[in-house]
Amino acid sequence: SYGQATTAGALERAMDELLRRAVPATPAYELREKTPAPAEGQCADFVSFYGGLGDVAERAELLGRLAKGFGVDHGQVAEQSAGVLQLRQHPREPAVLLLAEDRLRYALVPRYRGLFRNISKLDGGVRFLVCLRADLLQAQTLKLLEGPHLREMDGVLKSMLTEWFSSSFLNLERVTWHSPCEVLQKISESEVVHPIKNWMDIKRRVGPYRRCYYFSHCSTPEEPLVVLHVALTPEITSNIQAIVKDCPPSETEDKNHITTAIFYSISLTQQGLQGIELGTFLIKRVIKELRREFPHVAAFSSLSPIPGFTKWLLGLLSSPKEHGHSPLFTDGEAQELAELLGGPVGDTLKDFLSSHEWALSEQLARALQAPLMRLCAWYLYGEKHRGYALNPVANFHLQNGAVLWRINWMADQSRKGLTGSCGLMVNYRYFLEETTMNSTAYLGSKHIKASEQVLSLVSQFQKSSKL
Amino acid sequence: SYGQATTAGALERAMDELLRRAVPATPAYELREKTPAPAEGQCADFVSFYGGLGDVAERAELLGRLAKGFGVDHGQVAEQSAGVLQLRQHPREPAVLLLAEDRLRYALVPRYRGLFRNISKLDGGVRFLVCLRADLLQAQTLKLLEGPHLREMDGVLKSMLTEWFSSSFLNLERVTWHSPCEVLQKISESEVVHPIKNWMDIKRRVGPYRRCYYFSHCSTPEEPLVVLHVALTPEITSNIQAIVKDCPPSETEDKNHITTAIFYSISLTQQGLQGIELGTFLIKRVIKELRREFPHVAAFSSLSPIPGFTKWLLGLLSSPKEHGHSPLFTDGEAQELAELLGGPVGDTLKDFLSSHEWALSEQLARALQAPLMRLCAWYLYGEKHRGYALNPVANFHLQNGAVLWRINWMADQSRKGLTGSCGLMVNYRYFLEETTMNSTAYLGSKHIKASEQVLSLVSQFQKSSKL
Amino acid sequence: SYGQATTAGALERAMDELLRRAVPATPAYELREKTPAPAEGQCADFVSFYGGLGDVAERAELLGRLAKGFGVDHGQVAEQSAGVLQLRQHPREPAVLLLAEDRLRYALVPRYRGLFRNISKLDGGVRFLVCLRADLLQAQTLKLLEGPHLREMDGVLKSMLTEWFSSSFLNLERVTWHSPCEVLQKISESEVVHPIKNWMDIKRRVGPYRRCYYFSHCSTPEEPLVVLHVALTPEITSNIQAIVKDCPPSETEDKNHITTAIFYSISLTQQGLQGIELGTFLIKRVIKELRREFPHVAAFSSLSPIPGFTKWLLGLLSSPKEHGHSPLFTDGEAQELAELLGGPVGDTLKDFLSSHEWALSEQLARALQAPLMRLCAWYLYGEKHRGYALNPVANFHLQNGAVLWRINWMADQSRKGLTGSCGLMVNYRYFLEETTMNSTAYLGSKHIKASEQVLSLVSQFQKSSKL
Amino acid sequence: SYGQATTAGALERAMDELLRRAVPATPAYELREKTPAPAEGQCADFVSFYGGLGDVAERAELLGRLAKGFGVDHGQVAEQSAGVLQLRQHPREPAVLLLAEDRLRYALVPRYRGLFRNISKLDGGVRFLVCLRADLLQAQTLKLLEGPHLREMDGVLKSMLTEWFSSSFLNLERVTWHSPCEVLQKISESEVVHPIKNWMDIKRRVGPYRRCYYFSHCSTPEEPLVVLHVALTPEITSNIQAIVKDCPPSETEDKNHITTAIFYSISLTQQGLQGIELGTFLIKRVIKELRREFPHVAAFSSLSPIPGFTKWLLGLLSSPKEHGHSPLFTDGEAQELAELLGGPVGDTLKDFLSSHEWALSEQLARALQAPLMRLCAWYLYGEKHRGYALNPVANFHLQNGAVLWRINWMADQSRKGLTGSCGLMVNYRYFLEETTMNSTAYLGSKHIKASEQVLSLVSQFQKSSKL
């Protein structure tokens, strides 16, 4: 890290000097197509300086300076805006207006965009920018950076990445045991939904009755950008342990046993590509591929985790009770739970649910099934953020046009599943003829399409709850 | 063609209806990231309708309607401009200004850009847009279409193609006799500089002492975008017939005989990619590749045609003479030519130079050598368009930073060479350490770097000529 | 050629010296597994010496010396034979007999086999041996070499090649327009049945409604050993000009129009592989491949030339007539022909059939149809060599188990077809369930399975002919 | 297993019936080239029957019946031998003798060879035969099968495999972390010399400063037959733990640090290929490859285990001592050891050396170094089997022409290394110019070339020992 070798002021001066040198000046509008190619060294310097910054805070500092110091020239924008307005008031031939608008458009391009363009042409430059955007997002999450200039720069980067990672440049690749170890190691390491334990585990996930697909950019084959795991089953699976096992696969695949495709994990491997819609497009492409390979497969569904459910539930359990009784349970339920827990429901239950131990008691699990199922249904269906589903996985599948299909009890009994979502999982089902319509309805009027099971649980919740 | 089946009015109505359906509406600024993916059919319709238009005039008609009817909403632009100006006068926190600018930027995006984006995501969509731009350029050349809206649309398309055909997405491929026939047929058909006569001819151009490279986009391998032919020689070649032959190649390549790389042909295969700078970048990449393969190769040079030289010369010969003598020849030359031609130089010489027959007479050829050499030097060095070299091939290599190195007499004795440029060719030489500097000097101050041979010819011209 | 540089005696001495050095001595039986690997130079010398012999006669001389001078040690064979016989008379334990037999087996291995083994391990060594065998066969055809030692050496080479070109080491490759030019050039050059005229011709033969397959050895991919051309048609084609055309292919292949696969050309590209049964195996593999791709294709048939038919017929026309009338025509036919030819049938007809001009006269062609059809039927069905069909193409397909299906009039109107086989072609049809049975019947009892059309023509011939 | 379902007699009858059906009859000599291809089912039956035999004893039974019942027809052999002998006594023209010899050769081909040929043409048939030979060898090792017929059959199979796995059909493949997981898993599982512990271990063995190569047959790519691991080092390594580590590789390879190539493991992956000399050829090819990649690498050496050394040593320690003192140690050594062991050397030392614990005592280890080094030198140099080195690894490298270069103390401190060879390892060094000569000397006159270090240890042994 530079910080160790220099005083803070020295580092900042080095940053300013670097930026002055590396960020190309904006040529006059008339000369914009007569600029010689930049010297390669210029932006290579930026890349190596950035790589030498050991610490996320230092990187954030540099990005902040870039965003604030090398954005749009507001004076220019104002001047060109005035020009456009004047033509509005004193119209002349269209060519004049169009030229004025184009000058305005040109003025609105932030200067750092030139740096990003130049970097993108270096070997590995696009990959560098993806990482840079990941840093930018992380720095915002960590509150190291804030403010509109950073949001603007993120917007610019995102729109550049959107062009470069356009779906026509993505290759769908299938992973098998014949794929390079390099790829399988990357796939393993990027799997966060149901982490991969060992090599038999991953061998099974790419073996018979399983499919593992990823998108790579056509310029960087064998580099997974987003990964989708599919299980091929005779029915819509309600339990993840039926799919993810670490014993070696033994069977030969028999097409006749396959009627259903279960998407049981989807992971973005590069955080700098958030918001580029790779996941949505990957599901669509994989569905096409599966229909080609298995024309008779009739049902497509996810088997999805419900991250945040336990946390949300614990929050509810902590909120002040009205009139001395919990609004989350019916009186009968509250009483049964109190007996099993040996005390008032509130804090004891919170402790239980924070660990995975409640699931060991068959009685307790049975007593919790009904209330947790309807609470979960509500969490997914009723809890919102700006009008859309609060739960990010739900929001993802609903945007894609899936239906909130089935909530499954004891669906993930791993420690992670029990502590994160009380062992519950949910199927989002894709009816291929309806996804466009559902997607439009959700995005436009924020309507969630749900199955009868879910709607019935929601209505039970609404009756029993005083929320 | 639709035109035959319908009255003109009906076709135009069909066009309007198509565009209404296919060009997506611009969502409100707030909803710009909540738009569902377009139905595939929408823009596929546009593609197939367009493909069905048999005739370049009909296509031009449709493109004209698209450019004029679905551009920028000028009212919106004016409104947002006013917003920005107001903030200039009554400043508030930066977030407000940046938001206003972003809204303005959004308003400046023409609506047809949405159509192009959607098309680009179809299978083969990018290729379609390249062809569409080729049509657009051709329609302008043919004067079927004119006006600022078309230039704007061309600018939008060009900037999209520039992103998509970014150098990081281009693969350098070498063509050999082991390449697919498909590729060799495409290479053959796209070679317009020195057309390929038969399969022995092309086999030689990819055989020993030759290299043939092309760029393909990483999403469409085996589809040449721009092609460069190189000869590996012991010196800077002054004659194209020494390179291009249609007898089969026999020798084995001996690295020790190779000191020089001659770029003797570069062709863009897809006219819709004009202005994307593929050629410049290809030469750079090939130089890198050649230096890797032949570290001891010392000289890099083109052997280039001089399209337009004969035409320019004939123009001069037609212009009214001052005081009864041609300004193009010295008195001695004029007299010798008059004797050889059996009459006054003017029209007879024009007739001779229009055909390739003058070269058959050794005497005439000898008499013409000195004046044609200095006229050609002037044509390349002195004739300008907006300050840059008039000759497009010269302009291309000078922009790349090459030096106007050597004009070669009887360098292309093919009929095409004799009629197009009096058999003259020119070497543009690349001194690798100087190209950046030369390029900057040429683009900036319009200075042409030339060798002593050329400068001496130019000065002879200036002395002898009264132009 | 060495012959020019040296006297004949010197060349022969050089040969003897080379062979002494290059052919490894046979180690004693006990040490046969303790021989160090040969010095690479040893057999490389042989290869380069052989390659330097410019002339087939010189090569034949060397091969003759190798075959005669470095074969089996007859004394050893006799000695070991005696050993075996003695054990027959005075039996001992099995181990002793088996050892004696193994020693005898070892003694029966000709010494030159060691040379061939060593050569086979060089880079390109197997390819060299294939060429060497081609020379050996050609030398025998040209009567440059004869005798039992050469037949023995050919047998040894053939059995080695049979092991190396075992069907499990052959890869089936399909040729398309995306195959390397190198491969398409080789395919073109090796096509002798219906020679390829130009590049549109070959493009069509690898385009829609056509398949072109070859076997390569797994150690030398992209090197065709034997090539099969197939047309995919709606019926059993009776005319080669319907298949082989040199206009560019335009259609898109529609599987629904395909019910029949016509094998219209099969060529061995390397004459040294004669007798290894590559052709038979290629047809079997291609049938498998086609059934996989087109499960509904019902008929498999060749459309084959009848090389030698005209020659055979001219021979008959030349043979002395009995009782003043030709035995080949009925009296009515003879009379009609005499009128058309303007003279006695014999020599005039011979002249006509030797050229392709008779086919230009519609009347003559009509008059010849009936007699030529039945003569051809007899030629294919009745003319034998050691009990098997005299015509080599017929013998090939009958060995494979095909049925002599249909003789086709005016089936090949090319000059080659008219002069070689009076324009006739024949279909050998493969009924997949019957080929094994037919093959066994033909090879064992020499029975030819033929269709009713053919049998009826044969019986007409037998009635009309006095042969 | 069939054995469970049927009585032994029934299984044997099934075997006899199978063999009668599956082993093709030998056609008469005259018809040997007119045999129709065998029905595929015939030998496929054999393959599936054999695969169904669960138990090595049952397989051995079937192989025994095949070897004994379907070998050579001794009567035929005798008859043809007699024919040959008679021609010896009453000579006729050569053709007659050569024909008689060829008939004799034909008679000497065991009938089961036809079965093996037919199987070899099935998909996967060659692989099956390799496994069958592995069973045959194992059955002999386990004494389930014995006798000359089996040795004959093994010889026949081995000679067929030798043709099929000829070096011209082997592809050298390098394994990297980009190779298919399938390949890396196979490589890992087949590594018996220094077993692979986990995936970081194998990643390191294919990473920087390491090379891993294998041969595959060109018809079955990605199937390792024999594997060679190489370390690239600055000197001849004396310790295996410096090479084999299970921490992840971190460095980037720097060619300048590499002067030496150490072969530290070579494994045959398929036991059925024993005796085909794949290992020898692999080392030669890899040396060629390494010299191409690293022209300046000067030293090639193995770092080899000494399997059997501890066992041999314990045997010596058990043998009766003469005159009350051990012949293995000098009196001084014996005394020092006695003190350290707290009793007489003999049995106590045996116990120590059988485990790996002696190495924990620094004193004991120091006391043992001198005697163990010279004993090991003698074991490798002086102990023989039929005149060649008793130790199989030594015999392998000496046959290849390597020099017995250096014995290394504490070279393998793994439990396996300490118990198997007292922690000792040995370098066999390849001087490329001398290997052919050394190999010939070793195979012919059984001379072992050794370094001064080794010879000096041997002479110490000879002085001190009374063996």
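Should a chain be cited, it is by its letter among A, B, C and D, assigned in written order, with residues numbered from 1 in that chain.
To be clear about the criterion, a residue touches a chain if its C-beta (ideal position, glycine included) is under 8 Å from a C-beta of that chain, and two chains touch if they have at least 3 such contacts.
Since the structure is predicted, the reported quantities are computational estimates derived from the model, not experimental observations.
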Item to check | Other chains in touch with both chain C and chain D | outcome: none
Checklist entry - Could you give the fewest steps needed to travel from chain A to chain C through chains in contact? => result 2
Item to check | CA centroid of chain B to CA centroid of chain C, Å | outcome: 55
Item to check | Euclidean distance of C-alpha centroids - chain B vs chain D, Å | outcome: 65
Checklist entry - If you average the CA atoms of chain A and of chain B, how many Å lie between those two points? => result 43
Next on the checklist: Give me the residue numbers in chain A that touch at least two other chains, ranges are fine.
Outcome noted: none
Checklist entry - Draw the chains as dots and join the ones that touch; what shape do you get: line, ring, star, complete or other? => result ring
Next on the checklist: Give the list of chain A residues in touch with chain D in this complex.
Outcome noted: 177-182, 184-185, 199, 203, 222
Item to check | chain D residues touching chain C - in the complex, by the definition given at the top | outcome: 33-37, 39, 72, 74, 77-78, 81-82, 84-85, 88, 94-95, 97-99, 101-102, 104-105, 108, 120-123, 125-126, 147-149, 151-152, 155, 160, 163-164, 166-169, 171, 217-219, 275, 280, 401, 436, 439-440, 443-444
